[in-house]
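Just below is one structure, and these are the notes that go with it.
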Amino acid sequence: MIFETLISQMPYLAHGLAVAIGLLVCLLSLGLVLGLILAILEVYGHWSLRLACVAFERVFRGIPAIVLLLLFYYGVTDYIDMGSFTAAVLALGLRSAAYQSQIFRGAFLSVPIGQMMAARAMGMNKLQAIRDIVLPQALRMSIGPWTNEFSSELKATSLAYVIGVVELTRQAKYIISNTQGNILIVFGVVALMYFVVNRAGNWALYRLENRLALPGFEHRGDA
Amino acid sequence: MLLRVENIHKSYGAVEILKGVSFEMAPGQSKVIMGPSGTGKSTLLRCVNHLSPPDQGRIFVEGEELTAKNLNTMRQKVAFVFQDFNLFTHLRTVENVAIGPRKLRGFSKSAALDLAYKELDRVGLSDRADAYPAELSGGQQQRASIARALAMEPKLILFDEPTSALDPELTGEVVSVMNKLASEGMTMLVVSHEIGFARKAADEVIFMEGGKIIEQGPPSQLFEAPQQDRTRAFLNVIEHGGDA
Amino acid sequence: MSAWLDFAMEHLPYVLEGLPTTLGLWISAMAIGAVLGLALAWARIYGNRPIYAIATVYVEIFRGTPMLVQMLFIYLGLPEIGITFDPLTAAIIAIGLNTAAYQAEYLRGAVRSVPAGQMTAARALGMGKFQAFTTIILPQALRRVIPQWSNEAILELKYTSIAYAIGVTEITARAEKIGYETFQFFEVFLLIAAIYVVMTSVVAQLLQLLEKKVAVPGL
């Protein structure tokens, strides 16, 4: 009986999972681009830019994801019209940018200063040296910590539930209301789906990290 | 003159490292700068291509003054070889040599690689072209970084203590590459205590102490008949294996 | 700006009435997490195979799934098998069980970073394994874990807002209520955001003081 319900409801769960993954991809992409810009400005920028970036980071890391979601969905929509999905991408994406900029900043700072110096001594301008020499090294070093950010944002997508994005957790809630019960099993299956996506993502990123690892800088075990 | 260095002053905080240094280099010349440590030799070299911009004084390359504006084009004429190599960690040896021509000199990818293989051959590293820097010995890394400098086809190469980060048994391979370049007519300004190189390849030796040039002249004169007491004392120390 | 300040001052008292709930939820959950986390860390380092396996599965499940799902599971799901909690208790349990998994991992890392010689020396003195752990290894590991534990504590302080989703009237829920009464959602959520930023900064400062206070030279 339970399994019949589950099988009949599976398309809804699958759709919810697709929405969750779509949200994850959008918010991580926004966070990646903005986080990289923030990190570069913080490491190489003028002090005033640096100050602004640090302030952005502090604010977005200090506010709970739920409050950001509510702020963007209920608050900002008073001024700018947007749907709940867009609000979720902005709220979680800007927050992720704050966390990702920390990861990238650490990676930039761990590239030895001599690399920048040798690039500049050759006649590269600062932008060329960052793009062709420092960035490729920093990105490689970022993959490990970025994997944690991936996991944490995958789980954060479930919070979009509170502003009505019909992602996986919201679908589960609907199924429970519609079928009058099966709560443990539905949430169990939903939890399993998050778990599997998380594992798969971690595995893929770990593979990527090893594939891009340079001789002498291989992964130091402890996945 | 290929290089004219005029009255360079440089301070770090309250400490004045360079107190007015001037000299000139003709095309094809090799000069070796020697002197006790902490005397401003490396700082002087870094001032020449503005890795540390001088506080006062001027640098001319082929008659054109080095300024903040033409910095990047001028640096393509004045290559720099670092004490600790600074090969680009994420690039294979041949890519390290090719990246300058490719990104700065407008070479196509294949032309840049062709040139890179040629320069690697010149320093005897063709067989290590596909290795990453971390897979090379110190001597090989330094030769690769010399090839990287050569691939810019510079007018002048600055060497900042190119052998001092190397184990003694590895300095020979680097010095012999430098000897070869000097004999081919490359213009080289070298901060080094390699007396063997100075005797064999240098047209002139500059002795520095306390941020100033104390004495300069052909190696035969400076080593055999130094005019200044301080030069004599310094040579005494390094020739007897002491710590200069 | 000044309009917002007037609005904030007017509604601040009502929002802050939820502060004891937020802080109580946070402290209780962190305490559960600390005790359970310590046990899990012990099980993951010194436990025999079945105990190690159970602790590992626990940690993997709680770190691999969203806290909101865990909370809904406990609050909505467990009544199906006759276990019922009020929203606040369910939230405390959910956040506590969740943070336990993270705290266990930080602690395990810290214990492993204590040099092996410390255990050997303690055993050589005649201490038992458990005694050596509690008197020699743990005090060193706890000092090492403080920075990570501080991060975790601040993270959990922000996560208490998730309890709003199951109807706990902590500060976020109170803010939403004001939003519906005044329709000034932006203003009220800005207020609550500011409260969290202030709270997390204060907690970060306090925890830094703690870290300095228990620091030992050379550790």
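To keep things simple, chains are lettered A, B and C as they appear, and every chain counts its residues starting from 1.
By definition in this document, a residue touches a chain if its C-beta (ideal position, glycine included) is under 8 Å from a C-beta of that chain, and two chains touch if they have at least 3 such contacts.
Note that the coordinates shown come from a computational prediction; the quantities given were computed from them, not determined experimentally.
Q: Taking touching chains as linked, do they make an open path (line), a single closed cycle (ring), a hub with spokes (star), an all-linked set (complete), or other?
A: Looks like a simple chain-to-chain line, open at both ends.
Q: Name the chain whose C-alpha centroid is most distant from the C-alpha centroid of chain B.
A: Farthest from chain B by mean C-alpha position: C.
Q: If you average the C-alpha positions per chain, which one ends up nearest the average over all of them?
A: The chain sitting closest to the overall C-alpha centre is A.
Q: Roughly how many whole angstrom separate the Cα centroids of chain A and chain C?
A: Here the centre of chain C sits 21 Å away from the centre of chain A.
Q: Could you please state the distance in Å, as a whole number, between where the Cα atoms of chain A are centred and where those of chain B are centred?
A: 46
Q: Report the inter-centroid distance (CA atoms only) between chain B and chain C in whole Å.
A: 57
Q: At least two other chains touched by the same residue of chain A: list those residues.
A: Where chain A is concerned, no single residue meets two or more other chains.
Q: For the complex, give me every residue of chain A touching chain C.
A: For this pair, the touching residues of chain A are 58-59, 62-68, 70-71, 74-76, 78-79, 151, 154-159, 161-162, 169, 172-173, 176, 181, 183-184, 187-188, 190-191, 194-195, 198-199.
Q: Per the contact definition, I'd like the list of chain B residues that touch chain A in the complex.
A: 49, 51, 71-76, 79-80, 82, 84, 86-90, 99-100, 103-104, 131-135, 145, 148, 152
Q: What residues of chain C sit close enough to touch chain A in their complex?
A: 60-61, 63-70, 72-73, 76-81, 158-162, 164-165, 172, 175-176, 179, 185-187, 189-190, 192-193, 196-197, 200-201
Q: Provide the residue numbers of chain A that touch chain B in the complex, in ascending order.
A: Result: residues 112, 114-115, 117-125, 128, 132-133, 136-137, 140, 214-217 of chain A touch chain B.
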